[in-house]
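Pasting a structure here, questions to come.
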């Protein structure tokens, strides 16, 4: 698992005192950005020189609310490495308690917005990461 | 259908020049906030005095990117009115082109965070709205 | 005065139930974006094709907090039209009550990030707007 | 100096590829939130139980743009400890290059929104921090 640590700060919280859920998607984006840099060794700086990795679909179940001061851990797993797509799940917990679970599909696109194959070395690293989790 | 108009402004867009998808969830939240006020006649000011209507689950398919200056229309339909929950869909288009489609479940909770039945007059208005669309 | 209407929505508010002040700067940006389009007839879509109008300095005094459901009006005045810069003030009120006051300097830059003179017709419209207020 | 590290991530950046300045105010807020917890030993969780520390005034000069992947360091200094107010400056740099400089006044308020004296032990820690920098 790739783990991303995210303390809940004031900016994340709404008048009900809990994380405003669009902010969770910023956390998810930060987690994926860090994952690409650390695991795929392909930083968002590199990626966005002539392409992007937009989200094609995302499904999220919010299990329990998170509050100011909570320490969240997002655990990312790769579920599918397609030719131009990537399937992943992120489970977010505070201690033992699940806060949200997400399934997401990303697509690698070129500068014109067309799906394009993952670079070989990126594909390989994503594949290796998947296999280490799921031998 | 309940329609919510949303021009794409600079603040929504990312370095790829397209809407950063967490911003779509802010638009979705604004759409639902306006819907509750206009259709259910129950404003977020009233709701948050001693409760909330958090999102329990959301599934979104991003079909085409949106760009600065686009005029988006979010069309909200009610698919299910439960005792304490509400199912809805939002389709977002720019002209004839779909940008994203979402299915979402909200839950009405009390000040302690427990699911609680919709107020009768709110339930009735949500039900009537659903039936007008789907006779 | 150029007036920009901004209802306070749930997304703007923090756990203290008032507008989180970084959100005010998003409102200020939206106000200026609309002003450029409506008054200078130079949209942010056009501007960002080969340049930008970043903020060089901003000073804001927060007078009273704003709450969910408040209807804010931002009133923009031009105080200075330089060769490459623009000075403006924005006063934000809810009814008769001032919420914040801001003084801001923008700079017109080219694609390389260098200050560059305003296009003549833009400068003229900014100047005319200033003179109508301050004859 | 109190130093707060902030990498520039994708969510901070605008279509011009640089940090959208309202995002800087989120960084400033995160920096101050961390400062209160680490230096004043008074966390935002504690503070917001029956009060808040809103910003009364802020003045920011944006010197150079920041880009995706930059590693920013915000350096906070206390300039004034009043009975109910706090003056501070934050300088933000990437390596040797200044990105922005801010001067800010915070006010300690109670649950009713009235300015209220800093708790003695908080005042003392803020004062000690100021004196260590400026003997």
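We call the chains A, B, C and D, going by the order they appear; numbering starts again at 1 in every chain.
Here is the rule we use: contacts are C-beta pairs under 8 Å (C-beta built on N, C-alpha and C of every residue); 3 or more make two chains touch, one makes a residue touch a chain.
The shown structure was predicted, so the numbers you read here are calculated from the model rather than taken from an experiment.
Seen from the Cα centre of subunit A, the chain whose own Cα centre is farthest off is C. Note that among the pairs A-B, B-D or B-C, A-B reproduces the C-D interface, with over half of its contact pairs the same by residue number.
More inter-chain C-beta contacts link the pair A-B than the other of A-B and A-D.
Each chain gets a centre from the mean of its Cα atoms; for subunit A and subunit C, those two points are 34 Å apart. If you average the Cα atoms of subunit A and of subunit B, the two centres end up 23 Å apart. Distance between chain centres (mean CA atoms), subunit A to subunit D: 29 Å.
Annotation for subunit C: residues 10-11, 15, 20, 22, 26, 29, 48, 68 touch two or more other chains.
Subunit D contributes residues 9-11, 26, 29-30, 33, 43-45, 48, 68-69 to its touches with subunit A in the complex. For subunit D in complex with subunit B, the residues that touch the partner chain are 10-11, 13-15, 17, 20, 22, 68.
On the side of subunit C, the complex with subunit D involves touching residues 15-16, 18, 20-23, 25-26, 28-29, 48, 52, 54-62, 65, 113.
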